[in-house]
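Paired with subunit B in one complex and with subunit C in the other, subunit A is shared by the two complexes that follow.
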Partner chain A sequence: MIVLKNVCKTLSGREVLKNISLHIAENELVGIIGQNGAGKTTLLNTITGILKPDSGFIRTLEKENPAAEKRVLQNLVYLSGNRSQLWEDLKIKDSIDHCIEMYRLDPSTAKKRLDELEEIFEIRSFRNSPPCHLSLGERMRCELVYGLLPQPRLLILDEVMNGLDFSFKHKIMEYFKDYGNKEHTTILYASNQLSEVEQLCRRIILIHQGSVLFDGRTAQIIALFSPCYRIEAVFSGNFPDFEDLPLEKYRLEGDLLTVDYDIHKIETVQILRHLMEKCCIRNIRILKPNLEETIQKIYGGANGKYN
Partner chain B sequence: MRAYVEFAVKKFQDKMAYRLDFFMGIVNTAITILVYLCIYKALYGDAGEVDGISYPMVATHFVITLGLSNAFHYNEMFLQDKIRDGTITNEFLKPVSFILRLLAENIGEGAFKIIFHFIPALLITLLYTKLCPPVSLLGLPVMFCSVALGYLILWLISFIIQTWSFWLFSVWGIITIKNVFVSILSGSLLPLWFMPEPLQKILSFTPFESIYFTPVRIYLGELSGRETVFALAVQAMWVALLCVIANMFWKKGTKKLIVQGG
Partner chain C sequence: MNELKIALQSLKMSVRTRMQYRVDSLVATLAVFIRESANIIVIYLALLKFDNINGWNVNEMLFLFSLLFLTYAFVVSLFADLRDFSRMIREGRFDRLMVRPRGLLFQLILNNADLMASAGHGTLGILLFLISAGKVGICWDFATILYYLGAIIGGVLLQGGMFIFFSSLSFYFLETNSLREIFYWNMRKFAGYPISIYHKLIQGLLIYVVPFAFVNYFPAQYLLRKPDLINYNEIYIYIAPLVGIAVYLSSYLFWRVSVRRYYSTGN
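Our next item is the complex of A and B:
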């Protein structure tokens, strides 16, 4: 679906992409993350063919220059949270009608699909309003419908959860989770909301200063970079002795005991067993590191300071 | 093709959304035309003809040129704004040609203004003064062809300058200067009949004469059958030539964008 080989790109004297190689298969859902200015958007623009790499090779939708062919573009939708696709002064339904014409969709299939999408994204009630009368989140939902209607083979979503409230975020995330396989669509999901990416994408690509810092399973990056788990226990009785366990650190505040440990060195059960034997535990909580913490750690490391 | 028609239709609808703009457009067009008619009425005084041109001919000339030039006015900063805020990339990813889409939108806007600004303004003008009737019924469709070709010439000149925004930070100044040149050299300020002979000669080698003056002369029946065909051919030639130039700038500009990122 997408192949990049040793892609380099310099924009106004800055090396924005440095030797990037990627392979993204059909129907994959890939999260793309990185700090501001890491090169995410440049990477996405290169993938669509809007930017030509200085050196290296790209191939998207079986084409080396996808943006040059209108036929190919009918299978590619790039939705962005800060660049509207809708017509500013027209009613939503007119914009959507136009989308049907532009992507040459079959009217009856498009109608059916539109019905479904209007249901899911709950936009039916603002069919007759222009985008300027809608809130940011409502507009974003319309944008999503506009982008999903042509059933593109490649869907690029760049910060599309902008302005969406919690319940919609959740709903849309659920919708996207198995969207790729159901609709035969490859999705690139770029976002700064790491919790979204963590929930949604099994594979993530982390871009840092123009290079791919990590490309692999989301669970793997967490295990690799932040192996530290934490147990929080409320206990009564004597303070247990941890001297013989390989823990990272432990702390006691009142009756709350916090234990940090590396899962590669010791298993959770071992600590639990130890605690149960030595003291009386009333309540316990095990905390897994999340993507956000992991990424912070990586940046801390990459920038030369550990937190 | 249908997608482009849809672009024109949508722009037409888009324009309908603003009621005040609709009424102001009529007032604007009517006033521009009436001011010129008053000036020329005063200039003519009791004279029946000046250089063989009668007052009704001049009046007709101004109604057509000013009416059309008001109708053919659109946002010429569109491309520049798109390039500046980066949304041009959005346009490149749509499965339609950007140039044709822009043309379709501008035609949609032009059609709207002709129907809702020009025609009402024309009726208002008719209350004030008499105009020359079309020379023949056949003349009208030929004139419409000529107007369409004139529009394309005007549009292409504007588009070529718009493409310069790939290289320049602002093309506003150049567009303003261009508009002054077009309005003087195409005869919408002073009819080309009254221009000095040498200037008329020079202008006949430029595209400006073909924009409004050719349709006006066809309408007034100033051209014989063969001359009309020749005038249309000249218009078509300019359209073709400007197309080539516009395409060249567009190709160069978009190439710069995909290589240097705008």
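Our next item is the complex of A and C:
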């Protein structure tokens, strides 16, 4: 679906992409994360062909020059939270009509699909309002409908959850989770909201200073970069002795015991067994590191390395 | 066919946009009409005193002007988005067109059509035509009408081509409005009068650089044959409609090259 080989790009004297190589298969849902200015948007622009790489090879939807081929663009939708597709002064339904013509959609199929989408994204009541009368979140929902209507094979979403409230975020993420397989669509999902990406994408690509710092399964990046788990236990009785266990650190505050350990050195179950034997546990909680902590850790390390 | 449908849809969207603010649109139309009429009235009054300018009497002058207004009425709706194209680039609005499955220029044409300006210029153009066309001694036979229509189309394409050319410059420079101001708008002011009244340098500019002379002066000369035509090669009056096509096509080529460059440099 998408292949990039040694792609480099310099924009106004700054190396924005450095030797990026990627392979994204059909129907994959890939999260793209990185700090501000890491090169996420440049990467997406390169993938769509809006921007040509200085060197290296790109291939999107089987074409090396996607943006120059109308047949490719027919199957590609690029939605961005800060670039509206809708007509500012016109009713939402006029913008949608325009989309139907623009992508040469079959009117009856489009109407059926629009019906479904309006239902899911709950935008039916805005049909006759222009975007300027809607809130940011309502607008974003309309943008998403505009983008999903042509049933693209490649859907690029850049910060599209802007302004959406919690329940809608949840609903839309649930919708996207199995969207790819159901509709045969590859989705690139770029966002600064790491919890969204963690929930939604099994694979993530971490861009840092123009390079791919990590590309793989979300669970893997967490295990790789932040192997520390934590057990919080409320106990009664004697304080257990940990001397023979390879823990990172432990702390006692009143009856709350906090244990940090590296899962590569010791398994959770070993610690639990030890605790159960030595004292009386009343309550226990095991905390896994999340993507956000992991990324913070990586940046800490990476920045150190680059400084 | 679908292309035509899209163009009509763009037009429909433009009409709807303007209809959102009816009063504002009406006032804007009136404003354009009054602003442009004021210029004409000044010339009209001046000519009552001087009788003619380089052999052109009042009605012939009005006829010359009518071509400028009529062609511009089309240009301002067809190529409205190209008037302030550098802003479109700066604001990133152009990028969204780049990922749509349609030709870029095609998406711009008729988009955001400035129908108020069209109505203002168009009304004035028609009015001037009606006042003057019967009194300047043109025999409106089939060939003349054909030439006249060709000249209008040529004039629209010529100015559209210039818009495309100046817009293409936006891919190279951040701000191009001052260039456009100097070369397009100022030259257009010159083009209101018979070009033979100007210094040779300005005549040269109007014929070879910013060829407004082919929008109204030479087409009017084909129909009127005023004595000052002797200063120019007579072939100009026959090729006037073709010059429009040539300017449009070469601007289009320049646009293509510039867009390709934009793909590699970004904004």
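The rule is simple: the second predicted complex is superposed on the first by the 304 of 307 C-alpha atoms of A that agree within 3 Å, B and C clash if a C-alpha of one lies under 4 Å from a C-alpha of the other, contacts with A are read in each partner's own complex, and residues count from 1 in each chain.
Just so we're on the same page, contacts are C-beta pairs under 8 Å (C-beta built on N, C-alpha and C of every residue); 3 or more make two chains touch, one makes a residue touch a chain.
Quick caveat: nothing in here was measured; it's all calculated off a predicted structure.
Asks: Put the two structures on top of each other at subunit A: do subunit B and subunit C fit, or clash?
Replies: With subunit A aligned, subunit B runs into subunit C, so clash.
Asks: Identify the partner contact of A:96: answer first if only subunit B is touched, second if only subunit C is, both if each is, neither if none is.
Replies: neither
Asks: For A:45, select first, second, both or neither according to whether it touches subunit B, subunit C, the two together, or no partner.
Replies: It touches subunit B and subunit C both.
Asks: If we overlay the two complexes on their shared chain A, which of subunit B and subunit C does A:104 touch? Say first, second, both or neither.
Replies: So A:104 meets both subunit B and subunit C here.
Asks: With both complexes superposed on chain A, which partner does A:20 reach: first (subunit B), second (subunit C), both or neither?
Replies: neither
Asks: Please indicate which partner A:11 is in contact with in the superposed arrangement: first for subunit B, second for subunit C, both, or neither.
Replies: A:11 contacts both subunit B and subunit C.
Asks: Kindly list the residues of subunit A that each of subunit B and subunit C touches, one partner per complex.
Replies: After superposing on chain A, subunit A residues 11, 42, 45, 48-52, 67, 70-71, 73-74, 76-78, 83, 85, 87, 89-90, 94, 97-98, 101-104, 130 contact both subunit B and subunit C.
Asks: Contact residues on subunit A for subunit B in the complex?
Replies: Counting only subunit A, the residues touching subunit B are 11-12, 42, 45, 48-52, 67, 70-71, 73-74, 76-78, 80, 83, 85, 87, 89-90, 94, 97-98, 101-104, 130.
Asks: If we count contacts the way the header does, which residues on subunit C are in touch with subunit A in the complex?
Replies: Result: residues 2, 5-6, 9, 13, 16-17, 20, 92-93, 95-96, 98-103, 263-266 of subunit C touch subunit A.
Asks: Given the complex with subunit A, which residues does subunit B contribute to the contact?
Replies: It comes out as residues 2-3, 6-7, 10, 13-14, 17-18, 86-87, 89-90, 92-97, 257-261.
Asks: Which bits of subunit A are touching subunit C when the two form their complex?
Replies: The touching residues are 11, 42, 45, 48-52, 54, 67-68, 70-71, 73-74, 76-78, 83-85, 87, 89-91, 94, 97-98, 101-104, 130.
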